[in-house]
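Supplied in structure tokens, the structure appears directly below.
Chains here go by letter, A, B, C, D, E and F, matching the order in which they are written, and residues are numbered from 1 within each.
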Amino acid sequence: MRILVANANTSAAITARCAEAARAAAAPGTEIVPATPRFGAAAISTRAENIVAGHALLELLAEHAGQVQAVVLAVSHDTALEGARQLMPCPVLGMTEAACLVACTTGARFGLVTLGSAETYRELVARHGLSGRLSGLEGVAMTPQQAVADPAAAKAMLRGAIGRLVEGGADSVILGGAALAGMAAELSAEDPQGPPVPLLDGIACGVKLAEALAGLGLPRPRAGSMAPPQGRVTSGLSGPLARLLAGG
Amino acid sequence: MRILVANANTSAAITARCAEAARAAAAPGTEIVPATPRFGAAAISTRAENIVAGHALLELLAEHAGQVQAVVLAVSHDTALEGARQLMPCPVLGMTEAACLVACTTGARFGLVTLGSAETYRELVARHGLSGRLSGLEGVAMTPQQAVADPAAAKAMLRGAIGRLVEGGADSVILGGAALAGMAAELSAEDPQGPPVPLLDGIACGVKLAEALAGLGLPRPRAGSMAPPQGRVTSGLSGPLARLLAGG
Amino acid sequence: MRILVANANTSAAITARCAEAARAAAAPGTEIVPATPRFGAAAISTRAENIVAGHALLELLAEHAGQVQAVVLAVSHDTALEGARQLMPCPVLGMTEAACLVACTTGARFGLVTLGSAETYRELVARHGLSGRLSGLEGVAMTPQQAVADPAAAKAMLRGAIGRLVEGGADSVILGGAALAGMAAELSAEDPQGPPVPLLDGIACGVKLAEALAGLGLPRPRAGSMAPPQGRVTSGLSGPLARLLAGG
Amino acid sequence: MRILVANANTSAAITARCAEAARAAAAPGTEIVPATPRFGAAAISTRAENIVAGHALLELLAEHAGQVQAVVLAVSHDTALEGARQLMPCPVLGMTEAACLVACTTGARFGLVTLGSAETYRELVARHGLSGRLSGLEGVAMTPQQAVADPAAAKAMLRGAIGRLVEGGADSVILGGAALAGMAAELSAEDPQGPPVPLLDGIACGVKLAEALAGLGLPRPRAGSMAPPQGRVTSGLSGPLARLLAGG
Amino acid sequence: MRILVANANTSAAITARCAEAARAAAAPGTEIVPATPRFGAAAISTRAENIVAGHALLELLAEHAGQVQAVVLAVSHDTALEGARQLMPCPVLGMTEAACLVACTTGARFGLVTLGSAETYRELVARHGLSGRLSGLEGVAMTPQQAVADPAAAKAMLRGAIGRLVEGGADSVILGGAALAGMAAELSAEDPQGPPVPLLDGIACGVKLAEALAGLGLPRPRAGSMAPPQGRVTSGLSGPLARLLAGG
Amino acid sequence: MRILVANANTSAAITARCAEAARAAAAPGTEIVPATPRFGAAAISTRAENIVAGHALLELLAEHAGQVQAVVLAVSHDTALEGARQLMPCPVLGMTEAACLVACTTGARFGLVTLGSAETYRELVARHGLSGRLSGLEGVAMTPQQAVADPAAAKAMLRGAIGRLVEGGADSVILGGAALAGMAAELSAEDPQGPPVPLLDGIACGVKLAEALAGLGLPRPRAGSMAPPQGRVTSGLSGPLARLLAGG
């Protein structure tokens, strides 16, 4: 099985970090195909950059349509998720969506911690219809660059935030952000007792759910809001994307 | 005051229709500046096309930044709205958002009717946090092309749907879709008694709210999730859009 | 255009303060008509006083029916709003309602600060169906009288509360309470950098939305829960109010 | 124990009907004290009339403060409920509120049927925070006067509506409206098998909950949003109401 | 009237404490019948124990079917409530459910304090559809055993938690947990001014609502999700429980 | 990997049907271990039977603790799910929960169809916090026995219900009920065009998610509402269950 791990940032370093986390989670026999978009922000941090990334992601995905059995969006805002799901002939998972769904299977409510402001994650969880299961958000006052420069400080701040989320009723904690891919495993391994609650990595959760969905082999819908595009007329788009929208 | 009426479809006919509805609603002294995006779908009807349109809209808006006092997004899915709001130095209104807010001032709950499937409008109203005020949705089984070809049939079907929405508790009804711009006024004028409840046109509502917001003269935020982009590094974007994201 | 700014407190000083804020926001050509009710509380601060004020407001509005093109209720609990809307032949806006709707157009979530306890504003935002967009409430431990006596202390406390609301995720902050009319503009002007997020004045928002709605010229409904009263039989009410309820 | 059954309509016939239903439900030793307000609508049917009735109710209640051990508001919109609760030194129940709370103890979800439009009951149930337990609303196209004139027809229509509500998932059905006081018992008695689900009469439920609350003997709050009025300055109100607001 | 007060813990001491609180609340003429289950946890504190207790409770209730006029479940998680309600030929109240419903009649929002973690009460309030009226939860870091050993310390901690809940907007506070039965009355009596807001005891509230419901005399449903079991085939259950499930 | 498929009905035929569906979905290398409880209802159809089944399920699971890598509860009410999750040292999935989570990854909203009344599934979806993603419920008027006796009629009725759910906005449809295990695959295979939207089988979804979760290898929590039982004192329980509750 081939799973596309599609970054929405144009930074290849983030793609590499996500691919590594994906490979650590993949089953034997699953091949991880990392990909980076052609245009957009090096590291998305505003709403406007995220919108541009949606187009870039769809263009990227269209190039791989038919050559992968599932897609994991390696961008924590689950950018373009519903559109990608409608467009692609295979399952598509958002990394934060996947972590939220796994969180639902491990306890009553979950928390989420990220680098920088966490506010827009509240909207993301609401978009997924899961606000009732969110116990709290924590934003750690550190940029991804600072976290790379001083990992010990970053981990200390993350542990503090995780502790506050557990105090606030979290049965598991999602580490949000592509820049934190792999961090859940590191923090868990370094804690001699194990973490207080399961720490969830969106990439790992995405890969496992992608494998599960590919295994289920559900057909594409013919009706409803996810029926594939047919005969859409567009201009100015990449060839593969225009062809997928034209259908047939 | 100059208000940009930015279509997200590449069809100039829809832009013209929206501009006409906007001019009919504008106050004396308000200039309507219509605009059509460089790339994308002729008429958005899938989730994937809508995502591409987000990028196209931001590119289009960036070209007008500083030259207009407000923006109305002439696309009924309020495409890219939150990103446009963060990006632009002036108020930005979505046409369906504007109609929903006006609906809130005219009664308890509102209905929405559109051509084709109405399902994704449910998500849109939820995104605006207004699900509790939505009484119902009606999708009329007709394409915009068919509605243009047989306006009498379209109006009959719309009147039927409006009647069902009023029956279901709507105190006002939104006519959703850029292709229906101006239709609320037509239907209202043709009904000898007047319509059963106010019929709301997203473009008209958007223009009036845009005038009101421009008149309020609120400052841009320095903090929060809408603080303007600063120093964002991007590649492959249009010059004006890249410059707005870079800030300064 | 004439806009009635109807206080629900019997204190003429509050009416004057609100009228001043309304005039500062009004467009050229808009005349502000201030009014004070015949009976009720000098300054509403309990649920019971607010209920009495509902009757007083409707009596006051009925006297102006047909002579104004819109009404702004200058009472922060949006007292009698839905009843007034059904009764009057012109648009009616609540001052906090108006601020909430404007807040929706400026960001994801909004906060609200007021003098005294803020708890009942939670119910008000819920009544408007906007709980999902409320980030938090702050009640400043100061009466309107104390705020008048020591404006510097009041402003310091309000700035502190606004800071906490921004910290908690507010993209804008409403200054609730007729006694704070005009304060948003004062606080904004005195901050050398401008406020951290837009500060919203219910009276100013109400006036601008009233102008917008009057400009839209929506018809009154013939059906639904806002259809005008017809043939209602009452006793003991003021002549103008009884006549409006009797309809015709 | 003396329970005030306070009508908010000025029609003495409705007061009598409610008093009768209250006496049928009261425990031995409970005295029902019916009361009719001094001013307002003969039979409330618009939002505006309901607001006026709030003042009339508070004036009426104030006259009985200290002389009754509990109050049931005999008006199906639970008019002025929260204000009355804050004002009075004894428990206050709304008739529809009481029926909703009893419905919660008899099954998962409840329906509500009324004469005329049922739409505003949706808002009432939301105001009580119970929207999640409402299965559906039915409005029977008949006025109270018509129901009195042709009770057989009214009962047939009510039975039809109850059947549809049960079909839609109601585990009990509230008969909303003071004009239907006593009807639940009549319909139940006339059905040879008994009703399909319990039929709930707001007056009967209100009386039983009023007895229960009076029996609990809870103290009045000193804090929170229901702390009694103290030192409120008013003008133009009835003596008893002004005195209660002034506290002491 | 005989009311069964059914503990779900196998500890007779808790049964006795609840019976005492029930008797203090009961009307003259109400007989309290305490009961303890045959198997299960001495003091439920995990989700798994609570599930086992559901079976034990139904077995216990079945033994009393027909011999009591109402049931109060003396377990703060309202264990097996909906199943018991469907099974039994008389009203069944959960102690926390009863406290929540009484809280709804005393103010806008309520808080809840318990010994140990309070998190699962959030789920319980949501199950009752009342999340919108919950202002906050407080868990006091003390076991029931410690509270018995040092009641002064327990009361001090409870008073602190109650104060924080009132600060957070509670108009009343529920003391959750069968081990706290009677504590609301003790705390109220010992406060010279009376408590800041009403303190609610689930057992007392349950007994009063049980009396009220028994007095209403509602019929059992023939339809809907609470229609009594008929002809259910089971194995391995106690005789009385199997017979109730078999119906007839 | 060994996955326990634990029926909560005592009917071995249902266990066999579920085991067959589970084996059809399982990956190579996954062994399905079917199990039937010692006591309870042959086929759960009331709330009371479901509560008894919770105890039976926990007893059954405890016997397999440590010998399986994951558990799927083969009962459509996700009976005892949260308790089982806390109790067991491996992942536990409910079959309807699993189908709901998979539904979330395939579209915006999902519908659910079952044999008999569907009302209690509304509560189940709410318990999972997913009410916002439920488009509708359909109950087919047929017992499992009748469906076995006349499968063609059952399939026709199911297809009709599925069509109505798709009409109502479902992007996928869950076939609820252990008795329908395997039916989604049958209906999908027999439709020449494929089904209009994906049909979801709770057992198949449960098995794939169980494999995914076992693969993730999340640690058990030390804190929060899912921390394993420790030192719980019980009486009358089976040895394995008592030992798991005692912990250590």
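What we mean here is this: a residue touches a chain if its C-beta (ideal position, glycine included) is under 8 Å from a C-beta of that chain, and two chains touch if they have at least 3 such contacts.
The UniProt protein names, listed by chain, are A, B, C, D, E, F = Hydantoin racemase.
What you see is a predicted model; the values in this text were computed from it and never measured.
Looking at the partners of subunit C and subunit D together, the chains they share are B, E. For E-F, the equivalent interface among the listed pairs C-D, A-C or D-E is C-D, as over half of the contact pairs agree by residue number.
The interface with the greater number of C-beta contacts, when D-F is set against A-F, is A-F. Between the two copies, subunit A and subunit D, the C-alpha superposition involves a rotation of 180 degrees in steps of 5. Of all residue numbers that take part in the contact between subunit D and subunit E, over half occur on both sides, making this a same-residue interface. If each chain is reduced to the centroid of its CA atoms, subunit B and subunit C end up 27 Å from each other. The distance from the centre of subunit B to the centre of subunit F, each centre being the mean of the chain's C-alpha atoms, comes to 43 Å.
Residue positions 82, 85, 108, 119-120, 126, 132, 169, 224-226 of subunit F each touch two or more of the other chains. Applying the touch definition to every pair of chains gives A-B, A-C, A-E, A-F, B-C, B-D, B-F, C-D, C-E, D-E, D-F, E-F.
Note for the complex: subunit D touches subunit B at residues 119-120, 122-123, 126, 131. Contacts from subunit F toward subunit B in the complex involve residues 108-109, 132, 169.
Contact residues on subunit C toward subunit B in their complex (touch as defined above): 25, 27, 82, 85, 91, 93, 97, 101-102, 104-108, 128-130, 132-133, 166, 169-172, 188, 193-198, 200, 204-205, 208-209, 211-213, 215-216, 218-226.
Subunit C contributes residues 10, 38-43, 45-52, 54-56, 58, 80, 82-87, 117, 119-120, 126-127, 224-226, 229, 232-237, 241, 244-245 to its touches with subunit D in the complex.
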